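Beneath this line is the structure, given in structure tokens, with notes to follow.
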Amino acid sequence: MRGLIALEEHLSTPRNDELWDAAGEAARNGRAYTAEVEARLLDAERRITAMDGAGIETAIVSLTSPGVQSVLDPRQAAELARDTNDTARRDFVDAHPGRLEFFAAVPLQDPRAAADELERAVRDLGAKGTLVNGYTNVGDENTARYLDEPANAPFWAKVAELDVPVYLHPREPLPGQRRLYEGYASLVGSAWGFGHETATHAVRLMLSGLFDTHPGLRIILGHLGEGLPFLLPRLEHRLYKQREGIGLGSARRRVSEYFEENFLVTTSGHFHTRSLDNAIAAIGADRVLFSVDYPYETMDEAVTWFTACPLSRSDHAKIGAGNARRLFDL
Amino acid sequence: MRGLIALEEHLSTPRNDELWDAAGEAARNGRAYTAEVEARLLDAERRITAMDGAGIETAIVSLTSPGVQSVLDPRQAAELARDTNDTARRDFVDAHPGRLEFFAAVPLQDPRAAADELERAVRDLGAKGTLVNGYTNVGDENTARYLDEPANAPFWAKVAELDVPVYLHPREPLPGQRRLYEGYASLVGSAWGFGHETATHAVRLMLSGLFDTHPGLRIILGHLGEGLPFLLPRLEHRLYKQREGIGLGSARRRVSEYFEENFLVTTSGHFHTRSLDNAIAAIGADRVLFSVDYPYETMDEAVTWFTACPLSRSDHAKIGAGNARRLFDL
Amino acid sequence: MRGLIALEEHLSTPRNDELWDAAGEAARNGRAYTAEVEARLLDAERRITAMDGAGIETAIVSLTSPGVQSVLDPRQAAELARDTNDTARRDFVDAHPGRLEFFAAVPLQDPRAAADELERAVRDLGAKGTLVNGYTNVGDENTARYLDEPANAPFWAKVAELDVPVYLHPREPLPGQRRLYEGYASLVGSAWGFGHETATHAVRLMLSGLFDTHPGLRIILGHLGEGLPFLLPRLEHRLYKQREGIGLGSARRRVSEYFEENFLVTTSGHFHTRSLDNAIAAIGADRVLFSVDYPYETMDEAVTWFTACPLSRSDHAKIGAGNARRLFDL
Amino acid sequence: MRGLIALEEHLSTPRNDELWDAAGEAARNGRAYTAEVEARLLDAERRITAMDGAGIETAIVSLTSPGVQSVLDPRQAAELARDTNDTARRDFVDAHPGRLEFFAAVPLQDPRAAADELERAVRDLGAKGTLVNGYTNVGDENTARYLDEPANAPFWAKVAELDVPVYLHPREPLPGQRRLYEGYASLVGSAWGFGHETATHAVRLMLSGLFDTHPGLRIILGHLGEGLPFLLPRLEHRLYKQREGIGLGSARRRVSEYFEENFLVTTSGHFHTRSLDNAIAAIGADRVLFSVDYPYETMDEAVTWFTACPLSRSDHAKIGAGNARRLFDL
């Protein structure tokens, strides 16, 4: 296929590399793999070459996880976000017009500052929305704030006002919350822990009532929806059984209604046909979008799989590019 | 349909009710719902009536979660297991021959004691295997031992010797490991937290090399495999990318090989056609078995859904009863 | 569900009943069934009552098979078409505004007359397109003209000019071409022969090059596409193997391209979930439309099945009404 | 994959080539293609080379269509059958033990002779069953006898006694019954007409009551069931509506019951994932078997497609070889 659009595609910046200690990740993922990923995160030219080879016309790039979300000092977080967005615009978008777009990084340590930076990125820099790497540390590395928590109200109001999508990207669980993975460090990140962390984060948003306040919000999940296509029906069924219990959140509708109306999912890093089938069946082919998760994944592998998927021409066209074109006005 | 067999069907006993403080669960699930469940857990007659009404010929009953796994005193755990198995045999199996069978409870606080009790239950009482409610507390309520941990070697050796299935049933995450659910108590248990806890437990078993040591082990998962049909391909794909990293466990084969050869899944509490489709596609119709999760679920609802599922006669027959008949020699 | 739209819904008229000898059909289908159908074909009030009961907001009605296509005298055919369209407008559409629309009948015995009548029906009477009951007899009951044959060029030019859909509806095979069904009269019509007759007719259109001449044509097939979602891939594969052979027609593209771009399919009379799955996979959910085939089928049965189908809300909405609303500007 | 078994694999013999005028087929399919096919039909060595290359361990070979079924002189038919079976045994099976097996040809012009030859082929030559190329000409090329017709009773009694499968293979429709394909000679054979001819033949068997008389019969259909997985539900539904009508045959059960209990289907010549999905959903993975349709199809293409199909290991193993091994005791 040609003319594909991909939207979970990551970059890093010199400043991000200074702030983030990748030692743990490098140990877990292997040093050679990590070194290659790190080099590619910074390199717009190799990215374009890979896109040309695979038939990807346009990629929407974003700061790799955990990015701004893990910076403990709010001022530093704001600076990193600003620097990231300026760099993304200058070294990626402007250097390859029509080929690269970007999602803004936002310093949710201070939701008002996040709102301001989002506004600047969208209005002044042309950001296509924002990508948030899960919970944001507030105070220390074991203190998290999820996006449904009330402090984030100004951020969501700005998202609604600007009417841009929010990509909810994974990050690793809190260091003190990894007992379940003990002995299997390989499970902490993208292989396994990422998915539950992010799927639960999405469920928190659904239960919080956020989508009753802002019915037009559009949240994008990677990895074919982080398991939600399969798991959500049981969640909804059990919540109904528990409807006289506590801790149900404030939402007025059923979780599947929000999932089908406020969410979109991408194929990033989950190149499996039956899971794609399940995702399409759950959310409809208008809400599934091709993505790679470069440079953690290779464009060739993603495109080869997607091209061979037994989809109708219409679904191939929608998922490959059409849905993204409509969503981001590309 | 008639002649169905169900195998994630729970009971309680007076002794278990004394030892387990159900207050948290009652708050979360609602008092009326919980009271009704608790009454049904003890009542073999109402169970048979419900089975008759729904067309379920045989149910394999087991002690409800967390059961023996949460008892902090190992001696008390052993006593509860023994009492449970005697009660299951006397008040359920013997009271309704041909209609009820049982899975043994085992005191994994002391794996040798668990092995002994399993042997007694299988050889003397006719247990059809054992059902384990997730990790076992050792020491205090925040200290867990998962089934892949080396201390459990004598237990697994006995399971292999007796050649009986192990049903790996959910329990709630450790109290100190629930930050992700904070603010949404409804998510801790069957609605959501159960699934990740149990799926990860299963993955730990796969990575540990247990199935290389005992290739004939058969592990049963409820809830259509706790998300694994959808999630496992990405896990395997990422573990391969991380193959030079650390914390990968000791297994010699790929996780999907163990899943397809050492696991079976039931429909308990997940009555959703597309998730069933995904489960069948992932593991084959010979390894999917009907179950209800009574009395948390109603038999009528489970059977009505299953009967209407767009399955071939052959798959209906296998999943409804044939696979269980073969597996348990019924 | 409420607000459904159905588009393979049949009527008859007094004049049609005079011209068509239903004796063979009555024998094959059973007299009581046929009598009930014939009464309902004429009765707009009972139809509305059935629609109200089932939740169908709007039905597009059309003259039942074979209708005008089987009239041997071209003048009589033209008169029947004209009378049918006037009756449809007066006794159905005008009597139930907003609830009933109609497809025009056209006298293809004379393609220019068919073009004229289509234009009159669309422009003056508000017809939503035309429904053609398969081949048209020319001369005698064993002489057929299919829609791909060159004589029909003026008809297709008018269809393209008016830009309205053509519903290609089944009729029985030619009397002299039924050896394969001999001994099993039940197979001649809707149960079996209809499907092959109509699927082949559609394939003829694809091979003829018609869609190269008029790329905007939209052909609607009932019965989930008359088997084409399943069968077309083999046809295309074999035609490629035979590409140096004869009798391949004049089309410039592959049959599946026409199927996916020039065809739509309805659920009429084929209420089976796996066949629907296959149809959606083949042609995309934007090209599948709910229909009943009333009064041969009952609205309740169709709606009950469709409502229970394991589809996303989005696909339910599209197939149930959205696609028809867009296609027919309802 | 390695170790595959394929069972719709054709051969010819010098005697068959003398009797069958392949001119029409050569024109329709292209001369170069046909010449290549004809050379390969005779050549056991090239077949083995192709099997080695593609990973096919064992092929069950059979006389190509129409074979014995089209011979007008019953004595000549009997001789051709006998010669074919002796040749298959000597030049194919004995020349490549363990790699090639065969289905007997039978002269159904005289059903008692067919029964005798089947018995000889099975008992003396080790035939794995018989493959019948559709209807048999009796008298002239426009006179057909289908397998459900009463004259064939002695043949079916012998099949039941020997307890061997019957592969019902396509042949082209009667010369006088091709009006529907007029103008498109490419549609007469494997691309299109084959399927309807054979699916209808299978339906005739179902309706005839044959499987009530001989409940153990096993009929194999190629090409993923010739459309029946998709079409049969509508057939059954309409036959029920027509149950007071005529021409319904003598069967005591519903057509889908026979399909699911007396039929098996192969993948021959229909290498399409969604159609395979539909076939598995309709009949269960225990009744779907890999096949190629060599030399009309290439082994590499079939195996490449099948290997890439998103099937569980279990279904891959069953369809690829296990079902055939069980069915033919290989």
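We call the chains A, B, C and D, going by the order they appear; numbering starts again at 1 in every chain.
Methods note: a residue touches a chain if its C-beta (ideal position, glycine included) is under 8 Å from a C-beta of that chain, and two chains touch if they have at least 3 such contacts.
What you are looking at is a predicted structure, and each value in this text was computed from that prediction instead of being measured.
The chains touching chain A as well as chain D are B, C.
Distance from the centre of chain B peaks at C, each centre being the average of the chain's Cα atoms. Pairs B-D and A-B differ in how many C-beta pairs touch across them, and the larger number is found at A-B. The centroid of the Cα atoms in chain B and the matching centroid in chain C are 52 Å apart. Between chain A and chain B the centroid-to-centroid distance comes to 33 Å (mean Cα coordinates, whole Å). Look at where the CA atoms of chain B average out and do the same for chain D: the two points lie 46 Å apart.
Across the assembly, chain C contributes 272, 274, 281-282, 310 as residues in contact with two or more other chains.
Chain-to-chain contact here is organised exhaustively, every possible pair of chains being in touch. On chain A, the positions that touch chain D within their shared complex are 272-274, 308, 310. Contacts from chain B toward chain A in the complex involve residues 27-33, 144, 148-149, 173-174, 176-177, 179-181, 183-188, 190-192, 195-197, 200, 203-204, 207, 223-224, 227, 229-231, 233-235, 237-239, 241-249, 269-272, 274-275, 277-278, 281-282, 296-297. Put simply, chain A touches chain C in their complex at residues 256-257, 260-261, 281-287, 310-315, 318.
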